[in-house]
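Read through the structures below before going on.
In the two assemblies presented below, chain A is common to both, partnered first by chain B and then by chain C.
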Partner chain A sequence: MIQQFFSGLYEFVLGRPMPANFTNDYREVVFPNTGLMLFIISLAMVLVYYYVLNRMMSTGLYKPRHWVIFLVLNAIIAFIIPIAQVNGNEIETHSYTYMFAFVNVVYSLILFFVFSLLLKRGSVQAWTTPMKWPNKK
Partner chain B sequence: MRITKFKSVLYTLLLCIVLTLSGCFKKQSAGDESDTEINPTAQTGEAASPTTATTAENAAPSKVNVNLYLEISNGMKGFMPSATAGKEATTFQNNLNKLLSEVQDGRYVANKGFYLAKEDAKSRPVLDSVSYNTIKSYIVSGIKDDVRGTPLPAMLQAALQNSINQEAVSIIISDFIHGPDPRDQGQFISLDSDIRSSLREAEHQGLAIAILANTSEFFGTYHPAVKTPELRRTLNGVEIPYYIWVIGKQQDVQLVTNKVLRNLPLQQAYFGFEYESVPFSALLKEKAFKPAGIVYCSSRNADPCTSVNLQPGKNEPVEFTLGLDLRLLPASMQSVDYLKRNLKVTGNGSRPALVSVTAADESIKATPDLAKYSHFVRVQVPQLTANSGSISVQLPQVSPNWIKTWSTDNDNNPVAAPKQTYKFSKIADGVQALYRDQSDYVFNATTQFIKAD
Partner chain C sequence: MAKLFVFGIGGTGSRVIRSLVMLMAAGVRIQNCDKIVPIIIDPDTQNGDMNRTVELLKTYKHIHDALGRREEGFFHTDISTLSSIAGDGTSKIRDSFVYDFGGINKPFKDHVGYNQLDIESQSLIDLLFTPENLNNSLDVGFRGSPNVGSVVLNEIIDSPEMRFFASNFQAGDRIFFVSSIFGGTGAAGFPLLLKNFKDTRTSLPNAASLNAALTGAMVVLPYFSLEQPAAGVEADFIDSNTFTTKAKDALSYYQHHLNGVNAVYYMGDTPDKPMENNPGRASQKNDAHLVELLSALAIVDFMDYSDNELSGNEVYHEYGLREDVSNVQFSHLDSETRDRIAKQLIRFHYFERYYTTHLPADSQAAYAKGVDLTSAIRNEPVFKELNKFLTNPEFGYQSWLRELNSKERTFDALNLNESDFNRMVSDKHIETGFLNKGIHQGSFVKELNRASESISDRNAFKATIKAFETATGTLVEEKLKYS
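Presenting the complex of A and B:
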C-alpha cells in the first residue's frame, strides 16, 4: 500500500526505474524509504522552525530569509537521501538516480511550503512567515 | 548577545538534523533487515524443491561394485597381440590395462568381478569368472581360446542379469561385431529389437547406459560380419573400433565413466540419462551478464531467481542470462559445442530465442555468486503472446552424430572403410528404443514470467 503510493508518486514523474533490473529494489525499498523520510523530515523541519525556534525558544529567526534557509536545508537533505539510498542498496547508479534526487528536491520544496501553511498559525513569532496569508488577525 | 544566542540555536539545530538523519538511516537498514527476513521464507519454499531433488542426484556414491566383461571371441584377438620385446602395445592393450588396474586397485570400486565372455558349442553365452591376473594375462599376452562367434544380444543379457543380481555396474568390452550362429543369419535383420529385448531389464530397473567408442590398432585375423568377398582378412595395424558399454544406475555410471575410466574417448553416447532438475537461476543483477530491456526478478532477493517480470518493447527485446549448473551431466554433454548444437529454448506465452551458450571462465569462477554455475545461456524474448507463461531451456535426448558415421552396412574391408562397425546404428537404435517412453529431455530448466506492469 505505502510501497505502491510512493512508487506511484515518483514513477508518475520519472517513469519506470532504470536500469530496469533493479525495479524491485526501487519499488520495494528506495521509493518507500525516501518518500517516508521526505515526509517525516519535512514535517520535523517545519515543526522545529515554527514551534521550537519561534514559540518555545523565541530566537528571533522569524524573518522570511530564515524560513528560506530552512527550506534550502530541507532541500539539500532531500537531495542526499535518495542518492544514499540507491548506493546503500547496491543499486547501479544511473542518470535516473539523479533525476530521482532532483524530483525529490522539488517534492521537498512543495511539502515544506504546504506544511508551513498548515502549521504556521500555531507559532508565536513566525505566524506571518513567509507571508501573512492565509492567516488573518 | 543576540548573535551568540543565534549561534547556539543554530548549533542545536544542526545537531538535531544530524540526529534525525542518522536515525533515518538506521530506520532504512532496519527496514532492509525486515525485508530480508520476510522474503527468505518465500524463497526457501521455492528453492527447497530443486535442492532436495538435486541432492538425490548429487548423492553420488563414493564406491560402486563393478563387473567387467571382456569378450574373447576370435575377432578380439587382433586387439591383444602377444607381447614381444620391442613391439609397442596396442591402444586397446594400454587402455584396458589402465582400466583393469583402476577397477582392481582404484578407490572408487568396492566389489569387483572379472569375466571372460564367450560362447559354448551351442552358441549360448558363457561368462567365466576369472581373477585379475588371469584377465590381465589375456590382455597382455593374447587370447588362447578358440571362440567362434559372439551372440551379441544373448551376451549382453547374460552380463546384465549377472550384474543386476550382484548389484554391480557392468563394464562390457567388445568389438560389437555381431556373430550369430551361422545357421541363424536372420538375427542380423532383427538386431535392433533383439538388443532391445536383451536389455529390457536395464530399463525396468531404471538403469542408464553409456557407450564409449574408441579405435585401436589391430594385428591379426579380422572376422567381418559380411563374409563376402573375403571370409577373413589379416590386418596389420589397421584401426578397428572397440566399444566400452557401462550399464548401471545413472549416478553409478557417472562415477565409473568419470573416476574409473577417466580419459574418455570423444565418441560418447548416453542413454536413459535424465535429470529431474538442474540448479539454475536468472542472473539479472550480475555485472558480467547485464540484461537488456525491461526485465527484473519477480522477487527482489530471490536466489535462485526462477520467476521474472518482463516486458519486451517494440524495438527493445528483452535479453537476459540464465546460469545453469550442468556439472553432473555426462562429460560430452557439458561441452559448449554440444550444447550450442542441441540446447532448445521454448516458451509458453512468449517467443524466446537462444542467443549464446558459454561456459564459466576463470573470472566467473572467482565470483562467489556465479561460481555455482557452470554454464550461461543468454535468452532473447522479442515478444510476449500472453501476460504470463514460462521460458524453458531444454536439452533433448539426441542420438549423437558419430553413431551414424561409425556404422556401416558392409564391414568386409576395414582398410578401405576404417573405424566402422557393422550395423552399429541398428544396435544403438535398439538401445534408444528402450528409453523411448522416457522424458524427451535430459533436463528442463523452466523460468516463469509475468508481464511487467
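Presenting the complex of A and C:
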C-alpha cells in the first residue's frame, strides 16, 4: 500500500525508474523509504520551527526569512535523502537519480508549506509566519 | 456615575493638569469616580502653558475614546469637556476644556468703567490697584495680581458655563481646585469659586448638591522664581520677589475665610534657577516641574478617600520627600506615592521607548502582523494621536519628561536618553549576564507576541495597547522585579 502510494507519487512525475534493472529496487525500497523519510523529517522540521523554537523557547526566529531558512534546510535534506538511498542500496547512479532528488525537493517544499499552514496556529511567536492566512485573530 | 470636576486655575493649574494627564495615560488609578472633567480657567487665551495642556487633553480624549471604557490600563480614565457631560448634545456652551472668557481684551480700567466713576470711587480704585494694574490688558491674564483677578473672576459665576456646570452637578460628584497661591489668576480664582459654590444663598442652580459636594484643593506654594529685568530696563514682567509675601497674605486669608473645603493639599519648593520672565501669552510656557507632578498626585490621593472619610473635619496635607535630594528617583518618594505611580510610570515608559524606537521594525512579529499593525499605523488617525501624545515637541510625553529632567531638582526616576531597557529605571537596574540579557528588543517582542495570543480584539489599536499593557506588566514584574 505504502509502496504503491510512494511509487505512484514519484513515477507520476519521473516515469519508470532507470536504469531498468533497478526498477524493483526503486519501487520496493527507495521510493517508500524516501517518501516516508521526507514526510517525517518535514513534519519534524515544522514542529521544531513552530513549537520548539517559537513556542517553548521563544528564540526570536519568527520572521519569514527564518522560516525560509528552515524550508531550504528541509529541501537540502530532501535532496540528500534520495541520493543516499540510491547509494545505500547499491543502485547505479543515473541522471534519473538526480531528477528523483530534484522532485523530492519540490515535494519537500510543498509538504513543509502545507504542514506550516496546518500547524502554525499553535505557535505563540510565529503563528503569522510565513503569512497570517488562513488564521484569523 | 460620579464625576470629578477639576478646576485648573491659572498657569500652575494648567501645568498640574498636564502632569495629571501623564499619570492617567500611564494608568494611575483615580478611584471613586467614573469621569474627570477638567476645566481650565485662565483669561489669557494665548497662554502657552494652557494651550499645550488643552492639546494634550484633546489628544488623551481621542485615545481614550478609541480604547473604550476599561477598568485599568493605559489611558483608561475617562475625561470629558464640560459641555459633553450632559451627553444629549443640548448644551449651549462651547465644547472645550477651557472656560470661555469671551475675549476680554481691554484694560482693567475699562473693564471696571473707571472713567465713568465718580471721583471718590476712582480714588478708592487708585488705592486698591496700581497704575500698571489698571492699564494692563486683561487678555494677558492678571500678571500675578490677585486683586485684579478677584474682581474679574467674580463675574464668571453668572456665566452660562458655570450655570451649566451647576445644573449638571449631581450628588456624589466631587470638586477639586488646583491653583497657585502666589500668582494672579489662581490665587484669586480658587477662594472665589469656592466661596460661590459653598454659599447657601448662591444664585447657581442645584445649590444644595454644590454646597454639600466633597471638595479638595491643591494650593501650590512658591516653587520657582522668574528672571528680573536689569535695573533701569523698562520691561513687562512679573516680580517673583513678591511671591512669598503674596503667599503669606493669601495663607492668612485662607486661615480665616476658607470654608467648605474638605481636604487641602500644600506643596512648594525652594526656587532654583530663575525662569524666563513672560507675564503671559504664548511665551508663558514654563517647563514641567517635579512639584507639578507631585501636585497632580493630590488629586489621586483626594479621590482615594471614601465619602465617609472626607465628610469629617477638614484635613490638611503637606508633601515631603524622604530625602532632600536634587535628583529625585522613585526611592526618594514616600512608599505610598511610590506604590501609586512607580510601576505604572515604568510600564508606560517602557511602552513609549519600545513604541517609538523598536516597533517600526516589528512588522513581521505575530502581535503586529496579526492585526495588520503596519497598515493601521499608516491609515488610522488614532495612531497619529498616540504618536502626538508621546512625541509632540510641545506637549508630548517625551518633552514632559525631558523638562522634568532639566531643573535643579529633577525628576530623574526614568532616563529618557537611555536606550538600554535594563538601565532605564534609575533606582533599579537589571543585572545581566551571559545567559540573561534582561529586557531587550527580543525579549520585549516575545512578551508582546505572548500577550497578543490571549487578546481576541481585532481592532489594531486596542489590541496593540492591550499587548503592551500585558507585556510591560510582565517585564516589570518578572525581569525588573520592581517592588
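Operating definition for what follows: the second predicted complex is superposed on the first by the 137 of 137 C-alpha atoms of A that agree within 3 Å, B and C clash if a C-alpha of one lies under 4 Å from a C-alpha of the other, contacts with A are read in each partner's own complex, and residues count from 1 in each chain.
Simple rule for what comes next: a contact is a pair of C-beta atoms (placed from the backbone, for glycine too) under 8 Å apart; a residue touches a chain by one contact, two chains touch by 3 or more.
Treat the numbers as computed from the prediction; the structure is a model and nothing was measured.
Asker: Consider chain A as the common anchor and indicate whether chain B and chain C clash or fit when overlaid.
Answerer: fit
Asker: Check the residue A:Thr128 against both partner chains and state whether it touches chain B (first), chain C (second), both, or neither.
Answerer: Second partner only, chain C.
Asker: Given the touch rule stated above, what does A:Thr23 touch, chain B (first), chain C (second), both, or neither?
Answerer: first
Asker: In the superposed model, which partner reaches more residues of chain A, chain B or chain C?
Answerer: Comparing touch counts on chain A for chain B and chain C gives B.
Asker: Per the contact definition in the header, classify A:Gly60: touching chain B only (first), chain C only (second), both, or neither.
Answerer: After superposing on A, A:Gly60 lies in contact with both chain B and chain C.
Asker: Specify the angle subtended at the CA centre of chain A by the CA centres of chain B and chain C, expressed in degrees to the nearest 10.
Answerer: 170
Asker: Quick check on the superposed pair: does A:Met1 touch chain B, chain C, both, or neither? Answer first, second, both or neither.
Answerer: A:Met1: touches no partner chain.
Asker: On the combined arrangement from the superposition, state the nearest Cα-Cα distance between chain B and chain C in Å.
Answerer: Minimum over all C-alpha pairs: 5 Å.
Asker: Check chain A for residues that touch chain B in one structure and chain C in the other, and list them.
Answerer: 60
Asker: Would you mind writing out the residues of chain C in touch with chain A in their complex?
Answerer: Result: residues 364-366, 369-372, 442, 445-446, 449-450, 453, 455-458, 463 of chain C touch chain A.
Asker: Mind pulling up the chain A residues that touch chain B in the complex?
Answerer: 16, 19-25, 28-29, 32-33, 37, 40-41, 44, 48, 53, 57, 59-61, 73, 77, 81, 84-85, 88-89
Asker: Taking the complex as given, what residues does chain B use to touch chain A?
Answerer: Those in contact with chain A are residues 2, 5-6, 9, 13, 16-17, 20-21, 24-25, 27-29, 31-32, 35, 284-285, 290-291, 293-300, 309, 452.
Asker: Quick check on the complex: what are the chain A residues that touch chain C?
Answerer: By the definition above, chain A touches chain C via 58, 60, 62-64, 123-129, 132, 136-137.
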